[in-house]
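Look for subunit A in each of the two complexes below; its partner is subunit B in the first and subunit C in the second.
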Partner chain A sequence: MVDDLLLISPLLIVTVMGLVSLLVGVFAPAGSFKGWLAFLTSFGFLAALGACYMLWHETSAGAAFSSQSFHYSLTLDHFGLALCGVILLGALLATLTAVHYLPAQKSDHAEYYALIAFSALGMMIMVMAADLLTLFVALEVMSISIYILAGFKRDSSFSTESAMKYFILGSFASAILLLGISFTYGATGTISMREIGLAVAGGDAHSELALFGMVMLIVAFGFKIAAAPFHMWTPDVYEGAPASVTGFMAVGVKAAGFGALARLLLTCFGAPEYRDGSAVSWETLIVILAVISMCAGNLMALAQKNLKRMLAYSAIAHTGYLLMALLVVPASSDGEQALNALGGGLVFYLLAYTLANVAAFGVAAAVGARGVEDAGEEAYAGLAGRDPMLAFALTIAMLSLLGIPLTAGFMGKLTLFGELLSSGGGEYLWLVVVAVVNSVVSAYYYLRVVMVAYMQDESAEKPIALLKSAPLRVAVGVAAILTLVFGIMPNKAINASTRAGYSLVHTSNPATYGARVSAAKPAITSTVEPKDVAHR
Partner chain B sequence: MLEQILFWLLAGGAILTAAMVVLPPVGRNPLYGALSLILSFFFISGLYVLLVAHVMAVLQVLVYAGAIMVLFIFVIMLLNLSDKELGQSRKTTAQFIGVLAVSAIAVKAIMVVSSATGSKALMAADAGFGTVDGLADLLFRQFLFPFELVSILLLVAVIGAVVLAKRRLT
Partner chain C sequence: MTPLLASMSQTAIPLSWYLAVALILFAIGTIGVLTRRNALVVLMSVEILLNAVNLTFLAFARHHDNMDGHVVTFFVIAVAAAEAAVGLALVLGIFRHNRSVNVDSMTALRN
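Entry: the complex of A and B
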């Protein structure tokens, strides 16, 4: 039991930090500066990051919990840990951008930091979830925290509107997710991902029902990761929410959504070994979503003058690129190699995306803090003259999102496209061509931000004061530096993400995972009902 | 046979009352809509009884029809919406497309489910299903972790209610 608690220590640390900041906030005098809580919460994220690092080295692929309830609900593998790391890094940096931003927005409440911690908790559990019930509850913990955070500036109708919009559409997506879970349960008679996988692969499941459920699940996740055509909420919510929240939302929700989606699709609907035969195929749907997301996101981003709105459309485009990473599996004939490639592409790309977005939204927070709600062009025009460091970080973020060499974004795109080509053997060549053309198109709007920041003069009639905040500058600076570091020396990070993908060989393959666990632990196999297992 | 008749009555009633929540003339007034939702919950609770899930049936009435809907109605009455505030209902093209899409999905769902009668054996409930014992076994053993996580979810919801609704008293 104690071992189990050690295995979930990252989750426990984040929970405790959330509760502590909530309690401390109650006793802090009203109206006092709450920014120091950000350091407390960041310390928690850092500790959880350390715990993830420790577990990464301790755990062989697919460590099993000794207590039954954990074993059924969570999967601990390198894939989950790596994504937890990405989420925690994003949360850590995004929290630091809020320290002075919130007081400037007149919404400096202690609950902010508790909500950030709880939504990070939900995200981490999402990528580790082993059954659909845990997945759903974790998704709701994450979503509801984010809805509240989006409306955190409660005296601004702009922010409240974005929260309301996100809440209503998000609840609708949750309903569709539940419908998908119900249909999957109807087809297979279980909500454990591993047993669904076994039933689907073994032909016990009613394949049409399972297919219907899977489509619903993909639609619901498509909403969460902002894939077109389920992206309508994205621009309004990204624009209306406070910039520090948007930064966290952009990176965390995407990493958690992709982690959970990848695990769900691979475990339930066809581990590579099961591709032939009865496995329900999802690649066509993913291809369609990827193409629409890339094209729609990029085309609509072209017209955006507002930094936050532009980044929202760019987030949709990046969802398109990221979806391509999932296609490595159906494209390849070699299952293990495919999962290596998936990890290398997906996890590293998410890391690069997280760093670039944290930097970009950090700058948006700095320029948009003093009463300016939308970060239009006039907000960051001539930024280079006012603050060279922020302008430089913004440039690196934009170049990384665009995918210019020497940045992490370039290595991410290179790995992702390269893996898809090499494992698919040219099957998806056309898709890579579409993606590259889209990347070229995206140069227009990314480089325009850089141009406005460097070439244009500050608007004379209403100069906008920058937010003076050391923690924000540290967060933006660290994100920019890490973007460069992972762009120049990506080997270690790519190796780690490949290893994360490799761990899915054990944990996403229902047959081998079940076998491994039952060899190490008392018999828990697919045929034994949970309550038959003896008490421990 | 009796079970069949009961099922169709309850299922039909549940769908009809659920539709009445939003469809005119009943759904025109939010209060009537909420009352109709309560009726729908009672029908669904009857369906749970047919499924031998007695605890669920009782909880459905106690929690949904009882606690939650009372709160709904309380809020609607507090708002005291007049016809002017409710505004005219409009029929837009988007609504039309939405109805079409939902009906298409519903037809597909019905077709899929009716073709799936073969997998009935999979869904047979085992002994002890639906009892307090069985439910406790699921909640506190197999699904202990999500059960604990729900407490965090509720905490988050409480924080949200306070953060979003609190006005500074100055």
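Entry: the complex of A and C
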């Protein structure tokens, strides 16, 4: 029991930090500076990162909890831990950008840090969830916190409106997710992902119901990860929400959504007929979503004048690239090797994406903090002269998102595209070509930001004051430096994410995982009859 | 299972009827979310969606004769309450800015 609490220590640390921030908010005098709570929360995130690091070395691939403490609702594997690390890193850096940004926006409330912690908690549980109920509750913990955060600037109609739009579409997506869970449950009679996978693979599932459930689940996740054509909310929410929130939302929700989607699809619908067999395979759906997301995101980003809005469309395009990572698995005949590829592509790409976006939104927070809310391109004019360090960080972020060598984004794209090419025997060559062409197109809008920052002069009539904030500069600087470090020396990170993918082999493959666990503990074999469950 | 319950379950309404009702409810909720202009009515439509799903969960739970579906339903009810609380607060926030809860009046963010 105590061992199991140690195994979930990252979750516990983040929960406690959230509760502490909430309590402090009650007792701290109104109107006082709450920025110091950011350091407390950041310390919590750091501690949780440390706990993840410890657990990474403690667990062999796919450790199970030692007793029935959590009723098998969580999976602790390297895949989950790696994504927890990415989420915590994003949360840590995004929290630091908020310290002076929130007072400048006249919305310095202690609840901010509590909500960041709770949404990070939801994200972490999402990537560790082993049954569909846990997945749903975690997703709601994340989503509801993010709805509130998006509307955190209460006296701004932009912020409130973006929160309302996000809320309406988000709760609609939650309902669709529930419908998917419900029909998957109806098809198999269980909500445990592993047992669903066994039932589906063994042919015990009602195939039409399962197929309907699968499609609904993919649609719902499409909303959450901002895949076109379910992306309508993204530009408005990214633009309207406070920049520090957008930075967190862009990276955290995406990492959590992709982690949960990968685990869900591979565990529940890993059977060949749902991949490339007779039925409508999820592979087909993912290919369609990937192509539409890449093309639509890039084309619409071309016309954007507002950095936050442009990054929203860029997020849609990156969803397209990331979806390709899910295809690496089924395309290969050798399961274990293919899943290595998934880890290398997905986790490392998410890491690179997280760092670049944190840096970009950090700069957006510094530029947009005073007065101008929907700062257009002109706000960044002459940034290099006003603040060389921020301009340099923005440049690195843009180059990484674009995928220029020596940045993490380049290594991410290289790994991802290369693995997709080598694993499918050239089956997805056309998809890689589409992705590369899209990357080239994206150079236009990424480099334009850099050009504006370096080439144009500051507008003389209404100069925009930058936010002076040491924590923000630290966060942006760390993100930019890590982007370079992972771009120049990616080996360790790629090895780690490869290992993460490898652990997903065991935890997602119902045959190996079920067999391994049942050998040790007969109580949770997958052959539990529905009757037994009912009587327990 | 008592004899009375057993006899009831033999003459019970088949699963597909429950699913049909649930899907009709889900369609009504979807149409409400997509077409109604009043934010409060949209919130009500979301509740209809969630309750439609609850119905499918209960029908499936009964069909499979296990408790998972019942448990999920309880969680969905709790989550729906949390969502409604946040949703109503957001509607209030919108009303303070726009003096209206019409979703068409939310035009600050558009290009």
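Everything that follows uses one rule, which is that the second predicted complex is superposed on the first by the 515 of 536 C-alpha atoms of A that agree within 3 Å, B and C clash if a C-alpha of one lies under 4 Å from a C-alpha of the other, contacts with A are read in each partner's own complex, and residues count from 1 in each chain.
The definition used in the following text is that a contact is a pair of C-beta atoms (placed from the backbone, for glycine too) under 8 Å apart; a residue touches a chain by one contact, two chains touch by 3 or more.
Values in this document were obtained by computation on a predicted structure and should not be read as measured data.
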item	value
Subunit B versus subunit C as contact partner of A:I125, first or second or both or neither	first
Partner chain in contact with A:Y101 - subunit B first, subunit C second, else both or neither	neither
Touching partner for A:F392 - first (subunit B), second (subunit C), both, neither	neither
Partner chain in contact with A:Y321 - subunit B first, subunit C second, else both or neither	neither
First, second, both or neither for A:A138, with subunit B first and subunit C second	first
First, second, both or neither for A:E111, with subunit B first and subunit C second	first
First, second, both or neither for A:F79, with subunit B first and subunit C second	neither
First, second, both or neither for A:M164, with subunit B first and subunit C second	second
Subunit B versus subunit C as contact partner of A:G151, first or second or both or neither	both
Subunit B and subunit C contact sites that coincide on subunit A, given as residue numbers	133, 137, 140, 144, 147-148, 151, 154, 163, 183, 186, 189, 530-531
Partner subunit B, residues of subunit A touching it in the complex	15, 22, 68-70, 72-74, 109, 111, 114-115, 118, 121-122, 125, 131, 133-134, 137-138, 140-141, 144-145, 147-148, 151-152, 154, 163, 183, 186-189, 204-206, 208-209, 212, 529-531
Sites on subunit A touched by subunit C in the complex	132-133, 136-137, 140, 144, 147-148, 151, 154, 157-158, 160-165, 167-168, 171-172, 174-175, 178-179, 181-183, 185-186, 189-191, 235-236, 239-240, 304, 306, 309, 530-531, 533-534
Residues of subunit B touching subunit A in the complex	108-109, 112-113, 115-116, 118-119, 122-123, 126, 137, 141-146, 149-150, 152-153, 155-157, 159-160, 162-164
Touch list for subunit C against partner subunit A, complex	19, 26, 29-30, 33, 39, 42, 46, 49-50, 52-53, 56-57, 59-60, 63-69, 71-72, 75-76, 79, 82-83, 86-87, 90-91, 93-94, 96-98, 103, 106, 108-111
